[in-house]
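To keep things simple, chains are lettered A, B and C as they appear, and every chain counts its residues starting from 1.
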Amino acid sequence: MNELIRMPDSAEKTQVPESRDVSQIYDTAAGDEIFALAAEIYPICRSITGNGVRETLRILGRYIDIDINEVPTGTEVYDWTIPPEWNIRNAYIKDARGHKVVDFADLNLHVMSYSVPIRKHVTLSELRSHIHSLPEQPDVIPYRTSYYSQDWGFCMAHRQVLSLRDETYEVMIDSTLDEGSLTYGEYLIKGETDEEFLLSAHICHPSLANDNCSGIALLTYLASRLSTIKTRYSYRFLFAPGTIGSIAWLALNEPTVKRIKHGLVLSMVGDGGGPTYKKSRQSDAKIDRAVSHVLRHSGLKPSILDFSPYGYDERQYCSPAFNLPVGLFQRSKFGAIPQYHTSADNLDFIRPEYLAQSYRLIASTLDAIENDVMYLNTNPKCEPQLGRRGLYAAIGGTQDVEASRMAMLWVLNLSDGIHSLLDIAERAELPFAAIRCAADLLRQSGLLIDPIC
Amino acid sequence: MNELIRMPDSAEKTQVPESRDVSQIYDTAAGDEIFALAAEIYPICRSITGNGVRETLRILGRYIDIDINEVPTGTEVYDWTIPPEWNIRNAYIKDARGHKVVDFADLNLHVMSYSVPIRKHVTLSELRSHIHSLPEQPDVIPYRTSYYSQDWGFCMAHRQVLSLRDETYEVMIDSTLDEGSLTYGEYLIKGETDEEFLLSAHICHPSLANDNCSGIALLTYLASRLSTIKTRYSYRFLFAPGTIGSIAWLALNEPTVKRIKHGLVLSMVGDGGGPTYKKSRQSDAKIDRAVSHVLRHSGLKPSILDFSPYGYDERQYCSPAFNLPVGLFQRSKFGAIPQYHTSADNLDFIRPEYLAQSYRLIASTLDAIENDVMYLNTNPKCEPQLGRRGLYAAIGGTQDVEASRMAMLWVLNLSDGIHSLLDIAERAELPFAAIRCAADLLRQSGLLIDPIC
Amino acid sequence: MNELIRMPDSAEKTQVPESRDVSQIYDTAAGDEIFALAAEIYPICRSITGNGVRETLRILGRYIDIDINEVPTGTEVYDWTIPPEWNIRNAYIKDARGHKVVDFADLNLHVMSYSVPIRKHVTLSELRSHIHSLPEQPDVIPYRTSYYSQDWGFCMAHRQVLSLRDETYEVMIDSTLDEGSLTYGEYLIKGETDEEFLLSAHICHPSLANDNCSGIALLTYLASRLSTIKTRYSYRFLFAPGTIGSIAWLALNEPTVKRIKHGLVLSMVGDGGGPTYKKSRQSDAKIDRAVSHVLRHSGLKPSILDFSPYGYDERQYCSPAFNLPVGLFQRSKFGAIPQYHTSADNLDFIRPEYLAQSYRLIASTLDAIENDVMYLNTNPKCEPQLGRRGLYAAIGGTQDVEASRMAMLWVLNLSDGIHSLLDIAERAELPFAAIRCAADLLRQSGLLIDPIC
C-alpha cells in the first residue's frame, strides 16, 4: 500500500485556497484591442535605441503603469557596451530632376537602421553599393540594420532598383549617433509570492507588424488584464530592444533574475501560422510542459521545437550561467515565411482573430502554471461513490458528463501526493482546464484536500 | 571488468530449483471445457447481489473448492454501503389482449437490474418512459442497471418498441429488495511462498456470454488446472460483483492485499478481437511487462493500452492507496464493439478456439512470472564452448537449433546478476519460453547457477 | 543561476591543449593502398592456426612493427583449449581418368578448413557425403570449417557436383594436424595516456576478400598512418583468429583489458553496403555514440543495430565479465548478403572507394573520441559579442559562415562543464568536425577554456 499517502488529522487540515482562474481574462474583445494597439505603434521608427522606443513605451503607458529605464551609452553590460543613441528625422534619395525616389517619410524601412548621417551626390554605381533589395522578392522592401559598424544604406524594392537610370542622385540621411541611452520598459504585477513569471518582447524593430508590434501589443493587453485578478506568481513584463536590451536588463538585474521561475519570449504572434513553441534550454521545465500541453489541446497544429541557441532573447535568458526556464512562443517560426523582415510584414499580415487565439493560448498557459497544484484524495482506498454526491451530472450535456467524469476519475486516481494537476492532465491527455474544473468540484465535495505543506 | 559478478565458493552454491513449468497446463481440451462452463452459467440472472450469484458460484464449486462469502446489506466498505439484496422471480409486459409483449422468462436482460417490484396498468406513454432500447441497433436488447436509485424498467429491441400500439399495458415485476447480503467467491492455491497472484473476474452480469461468463469460466478452469502443479506464488481467484464486490473484498481483506505481487482482471475473453491489455497504474510492473511480452510473441495483433481509471475492477485495485500491479486482460476492448452490453453478447459471440487462445496467453503469462528468475553465468569471461557440451544440437530441427543457440547466447551474455530471464527475453526479442528452455539446458550443463540469495 | 559554472582564477587556468586532429590522416591514396594490401593477402590459405596466419602477419609487418605471438597447442584459455595446428600443402579430387575435378591450388576454399589428411579412392556416393555445395547458389563455392570435430571435406560449386559421373574418385588432402601454436599479431601505438582504444580484426579466413582481407588491410593502413600523429589514447591493433584468437588474447592479457576504454571490431569493410554498426553490450558507450554520430552525418544510409551476442569477436569482448565498450563496424551486415562465406567474396566484391569511405568513417570516429573534451564558456552570462572578434566571418562562404555561427552558438551555449563536444554535436545535430572547429576558434579567442581538472 502506498505509504506516501498520509491523511492529515482534521485539526491539521489547511484551508483550501481559491483556484486562481486566469480564464477570467479571456475576452472576446481581445483580438480587436490588441490589433488596434499594434496598428497604433506600427508607424513608429524604432531601433535598439532612440526616441522611437520611448514613444512606443509612452503609448503602452496608457494601458499599464510602465517603468521607463535608461541605460547610458558606454555602459558595459557583460561582454557588450551600450552603443551611441541613434535618431533620425528625415531621409531620401532624389534623382537628377529632384524627384524623391525613396522617402523615409513614406516607410521607415527605407533606411538601414543605425545609418550614419550623409548628404551628398553619388553616381548610380555608388548608390547601388548602399542599396539593399531582394532579387527573389522584387516587390518588397527588406529590413536591414548596421548596429555595430558605421555605415549607411537604403532599402528598396528590387523592381525599383532595376528601374533606376544612370544619373547622379542626391542621398540624404538626417540622423544622429550621439551619447544617449538605451531605453527599455518594465512592468511588474505583484502576486501572492515573489516568484516571478517573465514575459518579454523585443521592441527594437521599426514598421514590422508581426515582428513585433504584435508581441508588444499582446503583452501590454495581457498585463492590463492580468493586473485585475489575483495570481500566485508575480508577473514581470519586459519591453526591451532585442539582444542588447535583454543583455542590459540581465546585467543590471541579477538579483531579480534569481526569482524567475517561468518565462516566455513572445514575437510574431499575429499571423495565422503555427503556433510554434521553442522549448527552453532546460527542455522539460514546467513552462515547456505547460505550453506544449496547451498547444496540443488547442485544436491547431502546433510545432514544438527543441531549444536551439538561435532566435530571440531566449538566447540570453538561456545562456549557460542563467539557464532560465524561458521558451519562445510564436505563430509562424521566424525566418520560415517570406514576409519575415520585409515590408510585407505589415498590418495586413496580422489579424485580430489570430491575435485573440495567441492571447488565449498564453492565458491558458498562465492558468496551467498558476493552478498546477498537488492535491490529496481523501478517499484513496477504492473510488469514492460519486453518484450519491451528485457528481456524475455535475456539468450539463451528455458528452460533458462523460468528459467530466473521466477528468474526476483521473484526478482522484492520481491525487496521491506525487502528481500535480499538470502531471494529471498530461497523463490523462485531457485539457488542463477540464482537470482543474474536476479538481474544483472534488474539492467542494471534500474528496480532495491540499497536502500538508 | 564487471565487479558485480562474484562467483560463489562451491560450498556456498545453492541448490538449483526446478523450473516451474506452467506450460504443463496447456490443454487441447481447454477451449471446449471453458465454453461448456460458460454456456452452463449463461442463462442465470446475476446481479450485484442475489441468488443468481450464489447459483453461479455453486456451479463453479463443481470444479474448484470455492469459498462463498456473504457481506450483509448495510455493511460499510470504504465510501460505499452494501445495498439491499435484489432477487427476481418473474416479470412481463402484457398488452391489452393479455399477450406477453416481453417476458423475463425468455431473457433476463428484459428487466433492468435492481428494478423495484411493480404491478400496474400503464399507458403506452408511461410504459415508454420505462423502456430502454437502442435506436441505432434496433434488433438487440440492451443491458441496463439501476443499482443506486429506486426505479424500474424494461429493455427491448427498438424495432419492437416502435411496433407497440397505443393502448393500456400491464407491467409486472415480481422482484424483492430486502436485507440480505452481497455474495462473492474466493479460491486460493497455496504456492511455495505467501506472495500472491490475484486473478479476478466480475460475476454480476446476467446473460452476457463474453462479459463475463467467459472470464468466470476461464478462471475456474485455470484454477482447477493450476492446482495440480507446483508454483512459487500463491494464486488467489476472486469471483465478485463488479465495483461494489471488489471494494468489499479490499475493505475486508487489507492484510491479504499486502501480499499481492501481481494480478490480472479478466473480462470478455471469448471473442476473436484483440487481445487487449490495459496496464496497471504502475505501468511497468512485472505483470505489465510479462503480459506485453507474451502478447507481442502471440502471433496475434495485440493492443497494449496505458492505464486509465475507467474499466473494470482494476479501477479499485489501482486506486492510489493500493496501487496494486493489476492489469486488465480482454480480447476486444470494452465498449469498443457493438455487442457490448446487449443481447448480441450471447453464446454465438464466443468461441472455444478464442477461449483456448486466451487461456494459453494467461498461462504463458503465469509461466513467465513464475520463472522470471536471475541466474549467474559460471563462465562469464568469453563464451563457453557450447559445442563440446553438445548444446549446439540440443534441440532438433535446423531452425530450432539456430533459435535455441541464439537463446543460449543471450542467456549466457546477460546472466550477470542484473538481468532476469524476462529482462533477457525482452532484450533478445525472443519468446520467454525459448529463453526459459535455454536457461534450463545451460543449468543442466552447469553453465548457469542461482546467485547467492 | 547555474552554480556548476565556476570560473577559475587566472592563476589556475590550465594550458589549452592542442586539438588532436585525426583528420590529418585522411588520405586520397587510402582506398588504393588498402585495396592493394587486401589483394596481396587474399590468396593465402589462413585458418585459426597455421602458416597462413604467419605469412599474413609477415606481410603486415612491412607496414607496421607488428608483434607476433604464439600460443601453444593445448594451452587452456578460459573454457577453451588451443587446438592442434593445421597446415595444408595440397589437395585434390581426381576422377577415374585421373583428371583433377577440384584442386586446392586453384582456390583454397575447395578444402574444408581443418580437414584431416586423407588419401583414398571413394565411390561417388561416399565422395558426395564429404562435399559441401550450395544448391541455391549453384555457381559459387562455399566456405566451410570443422575446427573441433575430426573430419574432412571438399567445397564445390553445386553445378559441378551435379555433373559428377558415377565412378570412382581419388581424394587427397595433404594436411597436418600437429602440436604447434595459434598465432596472433599485435601492434601498439603509445598515446599521451595509457588508456587504450582497441581495434580488432579476425585473421582466420582464407580467400575471402571482404571477410576479412578488407578489415585486416584497413586496420594495418590505419595503424601506419595513426602512428605518425599525436594522440590522447594508446591504440592497440589486434590481428587474431576469430573466437579462439580473441579468447586467447583476453585470457593472456587481463591487465591490459582493464585499460580498454573504447574499441571496434572491423570486418567486411570493402563492399558498398551499409555502413552497419552494431552497438556494444553497454549500448550507450562513447564508442556507440561516436560511431552512430559519424554514420548519421556520413551522407550514407547507415544501420545502427542493437547489440546481440551473435557476430564477430565483440561477442568475447562483450561477454558479461568484460562488458567492454567494443562495437562492430561493417559495411553490409554479416550473413545478409549472398556473397557471405562463398567464393563470390573475392577481389571483385571489394572496391577502393568503399575501403576509402570506411577508412574515413573510422578515422572520423577516432577524431570524435580523441577530441571529445569539455570546455567552459568564459562568458557564460549572455552571448559574447562575436562580431567584434571577427568570428562571424571566420570561415569563408555564406553557408559556411551560417553553419560556423550555429556551431559557435551551440558550443558557447552548452560549454557549461556538463556537456562535452560530442554531447554538443549530438544535441546540435551538427557534424562533430564542425563543432570541434568552432571550439578551436572560440578557444583561440579566449571564449572557451579547459575546466579545472
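Convention: contacts are C-beta pairs under 8 Å (C-beta built on N, C-alpha and C of every residue); 3 or more make two chains touch, one makes a residue touch a chain.
Keep in mind that what you see is a predicted model, and the values were worked out from it rather than measured.
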Working from the CA atoms, figure out how many degrees chain A turns to land on chain C, in steps of 5.
120
When chain B touches chain C, do the two copies use mostly the same residue numbers, with over half shared, or different ones?
different
What is the distance, in whole Å, between the centres of chain B and chain C, each centre taken as the mean of its C-alpha atoms?
52
Where in chain C do residues touch at least two different other chains?
none
Residues on chain B engaged by chain C in the complex (per definition of touch):
1-2, 5, 377, 379-385, 387-388, 406, 409-410, 412-416, 428
Complex interface listing, chain A residues touching chain C:
77-80, 148, 243, 246-247, 250-251, 254, 257-258, 281, 308-310, 315-316, 318-323
